[in-house]
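Heads up, the next two complexes both have chain A, just with different partners, chain B and then chain C.
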Partner chain A sequence: MKAPSSGASQGGVRRALQSSAVRALAALAFVFLLGLVFNADGSFLRWSTHRDMLRHISVFGILACGMTVVIITAGIDLSVGSLLGFTAVFFSLLSLQWGWPPGLAVPAALLAGAACGLASGGLIARFRIQPFIATLAMMVFARGMAKWISGGRKISTAVQLPDGSFQYKGVPGFFQSLNSKLLGENIAVVTLIFLACVVLTGVLLAKLRPGRHLYAVGGNEEAARLSGVPVGRTKLLAYGLSGFLCAVAGICQAAQEQQGDPVAGSTYELTAIAIVVIGGTNLMGGKGGIGLTLIGAMTIGYLEKILSINAVGEAPRLMLTGLIIVGAVLFQRVRK
Partner chain B sequence: MTARTIGWAGLMGAAFVLGACQDRTSSSDTTGPAARAGRPARWTVGMSQCNLGEPWRVQMNRDIEASAAEHPELKVVYKDAQNDSLRQRSQIEEYIGAGVDLIIVSPKEAAPLTAPVAAARAKGIPVIVLDRRVLGEAFTCFIGADNKRIGRAAGEWVVRRLGGKGKIVELKGLMTSTPGQDRNSGFREGIRDSGLEVVFEADMKWLEPDARKEMESALARFPKIDLVYAHNDPGAHGAYLAAQAAGREKNILFIGVDGLPHEGRAYVAQGLLEASFEYPTGGREAVETALKILNGEAVPKEITLASRVFTRENVAAGGEWLKRP
Partner chain C sequence: MEILQMTGIEKSFGAGPVLEKVDWDVRAGEVHVLAGENGAGKTTLVKILAGAHARDAGEIFLDGRRVSFRSPSDAARRGISAIHQDTSLVLSMTVADNIFLGREIVRRGLGVDFRAQKRKARQLLGQLGLDLDLSLPLGDFPVSVRQMVEIAKALVHEARVIIMDEPTSSLNETEAARLFEIIRRLRDGRRAVVFISHRLEEIYRLADRITVLRDGRRVGTFAAAALPPDRLVAAMVGRELGRQFPARRAVPGRPVLRVRNFSVPDAAGRKAWSVEEASFDLHEGEILGFVGLQGSGKSELFHGLFGALGENVRGRVELEGEAFRPRCPAASIRRGLALLTNDRKRSGLVAGLSVARNMSLASLPAFSPGGWIRESREAIAAAQNVRAFDIRARSVGQEVGTLSGGNQQKVVLAKWLETRPKVLLLDEPTVGVDVGAKHEIYRMMDGWTAEGKAILLITSELAELLAMSDRILVMHRGRVQTSFDRAQATPERVVRAALGTGAVG
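Take a look at the complex of A and B:
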């Protein structure tokens, strides 16, 4: 597992983060232990269960990567679930119904996602609208676009002809490959995409100059501005990247559902935020890292999986999830 | 610190206001095709739909539209209450104020809409209530389907299909909702006294990604599953995709409920689902009943819609009607 590193100039931050990582790992280990105890007749002991957990959490994890970058700038992005829905519908429309090849449909969907993210970023950087409000507006707007371009229906391989009858197209090979598994059926393709997103954002945050700017803006915006950090451009980068990653997640979602659902991704923003926070990235900004988010994603993923293989009912499941999120976050704050 | 706290409180307040608008994105006032036909319509019908967020309700409006298009004497005005009982209440009041000739309402909830429907009746406007009920008797005609009966028919069908023996996974809608409870209890009645055993059941909240996740767990736990009964077709489709990913889709049968043309029926026609049990929208029946009322004919107080089962053999021919009890 990749050790989180801040890339921040302060030396103390690195040490604090390392202890954050240890705590995040401890929470993950605790949930994992629960799985070993409540293993549902040995289901938890099979690799396929873990592979399926990683597949399920991948889409949320990809959203959480963008969310991490945004939260490090002391912002928040509430639009990620809606943008996932919009890009899933847009991508399905292009490839399933209009027959665009993936070489065109994928960049088009990625561009659409990035453009929406940049629009939120523009409102925040240029017009000084609170991130909470700007991305809330984008959340509502993008859901509207998803419903508008789809007419409220799922965009699938069943194409309605003018006379009302249906024509069934095959599922494109690109959808099949994204929905398949690699390395001897041992890992889902979407999980590899999630890991690629982790590496991409990890390199940005830890190694590149814009990454340091992200931490600087989140730590103290005024100080960053005075020391010559391009604050506006840095915020644009954060929200644009988040929008781009939403589109990556949207494409993965569409491939896994083999259709574009205009209500896909509802409340996913909350799961993405929970993943980031459980990992230990600070909502106040300036601190955190992508490794923490990876651990947070696995913690949430295992929690859901354990509740699912034990067929725990909906009501106790919601209550347990709430309790464990609070527990994990409190645990993060324990001072030694 | 205090200023920041107040700031956050303000933001949360704004979030509630805006968040409440999240689903209010469909056009709220549109005019039906009859109005575009050129000839002046003789009657105006006001339709209030509780929300257009669900494909099934989108289909209901389309069924009404398609049926009304065959009758140029009807003009149908549509309003979407966006899942808000009070908004739906004011829509009915708007229709009363506008003096429409008839109101069709598919209520979100019974209690808050009983009074406005009664007010319309008091003004002499006939009201057809679709799918969900209002309290009391102050309406003209109720049209709806019976989830429990559909669940039972699905159960009996499964008993016949599997020869009375087998292991079943049940992917439930939302067990806090009436359709979820009825599709569950009806199905259990249908398979009672048979050798069928429900080995795994989980709430998938009507959502396809959740159904896929729960099915993965069922597959992990049980090496042998004969059939998956999902409370809606997207759930059955999600379960199919999970089984396909595990290479086990050929050994399992999948059945769902709703039978929408572009969902359940399409999945059956594509050979993914074994069967889909129709939960009819009643859109066409509502328009036919409206015409009868407007022409002064008598209509029954309650119409229970018949539903069909779509299987691979009969889907092209339009399905097979389930027998009435």
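Take a look at the complex of A and C:
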């Protein structure tokens, strides 16, 4: 009131910076700027670089969608990497080895993923096991299942004949089309699937009653329960959806690799958590949203892309990524 | 003699100033009450004093020397201790270890001298009139004892100024009386006690001097004896409030809730009952008050009726003439029950959600036909509630956690009224709420009953209980012992019955 013009605009900027979305966008813009500066002889300026970044981040982004939902309920899902591996193997087994058509294999894989997620959710909701422990157990268990059903081998189109020799079948068209690019080779199909997951999760979180329940349970479980929110069902939904999205990611991964690798997805859970956190969704639960996760996914995606086009070696790349995660989280906290 | 002086203290959070040029002093051997409505700046002022907030401007003098505290531990080292509820205690550690946390008695190079600590702890607690098993974890004791342990901890730090911000809000009458006794002992030991409370009765039982804050400014500092209660309230609110309690208009009609032989199992195990064979009727337009010590089963009765404890309750309940079986909160809400718990932070609000989303939380099905939330409908209802309850919020999108206590409580009340309840179970509806907001809540309660709603009320404020209740039921050890009509209920009778000492009948 004393200094109307400057005071108002300053307050405006400060208030804007208090919004998580603006902070997340600022971090993304900063990384993007880095890319413009270190553009590796203009390769950052080509669309194909961005397309490949988006394609690369899509599988992680799909996992991060489910992770966002779980983290909003003040939980965590450590099993997403293993579930991706398991569903990738399961899907490959059905379609490559047993010759199931995609119309059957896809729903079967999705169901398997959702069932595993529901199992974790059941342990958490019904038996009150801490999410960290329950999903840690599922992480180990699902990895075991992946190795068991595959016999420890990668599941590909190679079929062993009774006489011991291998016969190679053609890769099904469904795999090819999942792994292709559309709109004049300008966007990958998996990226579109990722964006569809973002939209669906976003609608759930922002518009639907169960979405509101997720926030209420994460923000204050007891208050939610006394307000008539079905707490147990809400947690089942969160982990079930996460498992379902793991299967979506697993199918995409299988299509990209044209095989089901039982060790696929190791440590992917950490990347998914990092994406959510860099976006600005708080691990304490009750806050955040899918938009933040989309921004977080792009931030990490660009970061890795910029480091790789500038031929930064793996060791400094990992160390830098660690530092950036800390930096992003500290930035989220400034003056809050 | 002033131990402590603060001059020209200023502080603002974000846009608005919270404290403007506040001068204040505290003397040795006095109980100094800070009074004011929620948002007046009391808590901010003592947090600055205790080193928890940095000031924007102004100076602090301790024994005439200028000081600056960087942190609460820094302030504690200089003899200024704040008593919080639980916050600085480790519940899994023993009583003795808590008292010496950060100030362990160490034998040369041999680690902590646990025996000496126990001896000293016993002596300190003795000074406070307390005899505890020092080797039990602190979490085994009730909140009142934990508070005493905090005070003992302050004594270890040789605190000369002890700050208590609403210390009685979670204590019952007996426990509060004991705390007051300790406060008087501290004062007689030449320590200064700074005391924040919304309860006038407490203020006048303790205060030597009263400083009133309003809208971040100091209205004045008065000798307690020279400031009658109505002038204190006027100074806090800035206007005359009129009568504190409304005259009850509603006339009780036909019964809406019949409870017969209702029993609630103990939360810990099924063997014990926290409520045994309770029977009573509640009529349309009636406020039925419950009184009893902590642990007498009042809150458990409310939770049990509301279905918050599941289906393990026994007895017969009739709601508007039809059988009602408590099962789960959602079912109870559909049948027209609402439960306001006594701890809005723990079980009333979702602090990170907006005003509008908190208000719609208990009636979401009505706001989301087909599962799709109608946000405009939600915002309109919220705006109406903000007006009806006179809630001070920047917008209905503001996070509830950032509102003051009185406004938070109104949001929780609005949430329950939004479910269109027939019977409201109100457990301490005015706890931690300032005088002005209390006044409004009383008026609203009267208004709701005038519309035919019925209220079950628990309150530890005797004046509130006597003024608002049409009838009073006394609970003792899980049983409904006595009932008083409004005409029979005198403070002495009710208190004696609650303590279980009075003759029954």
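Assume the second predicted complex is superposed on the first by the 317 of 336 C-alpha atoms of A that agree within 3 Å, B and C clash if a C-alpha of one lies under 4 Å from a C-alpha of the other, contacts with A are read in each partner's own complex, and residues count from 1 in each chain.
The criterion applied here is as follows: a residue touches a chain if its C-beta (ideal position, glycine included) is under 8 Å from a C-beta of that chain, and two chains touch if they have at least 3 such contacts.
Predicted model, so just to flag it, every value in this text is computed and none were measured.
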{"item": "Side-by-side fit of chain B and chain C on chain A, or clash", "value": "fit"}
{"item": "Which partner, chain B or chain C, touches more chain A residues", "value": "B"}
{"item": "Which superposed partner A:W98 touches (first chain B, second chain C, both, neither)", "value": "neither"}
{"item": "Partner chain(s) touched by A:D261 [first = chain B, second = chain C, both, neither]", "value": "first"}
{"item": "Which superposed partner A:L136 touches (first chain B, second chain C, both, neither)", "value": "first"}
{"item": "Contacts of A:K154 with chain B and chain C, given as first, second, both or neither", "value": "first"}
{"item": "Touching partner for A:W47 - first (chain B), second (chain C), both, neither", "value": "neither"}
{"item": "Partner chain in contact with A:H56 - chain B first, chain C second, else both or neither", "value": "first"}
{"item": "Shortest CA-CA distance between chain B and chain C [superposed frame, angstrom]", "value": "6"}
{"item": "Chain A - residues contacting chain B, complex", "value": "40-41, 43, 46, 48-49, 52, 55-56, 78, 82, 130, 132-133, 136-137, 139-140, 143-144, 147-148, 151-154, 156-158, 160, 166, 168, 179-181, 253, 256-258, 261, 263-264, 304-305, 308-309, 311, 313-314"}
{"item": "Chain C contact footprint on chain A (complex, rising order)", "value": "11, 14-15, 207-213, 215-216, 219-220, 222-230, 286-287"}
{"item": "Chain A contact footprint on chain C (complex, rising order)", "value": "14-15, 306, 308, 328-330, 332-333, 339, 341, 346-353, 357, 361-362, 364-365, 368, 371-373, 415"}
{"item": "Residue ranges of chain B in contact with chain A within the complex", "value": "11, 14-15, 18-19, 21-23, 25-26, 52-53, 55, 58, 174-176, 200-203, 205, 208-209, 212-214, 216-217, 220-221, 234, 238, 241, 245-246, 261-263, 265-266, 269-270"}
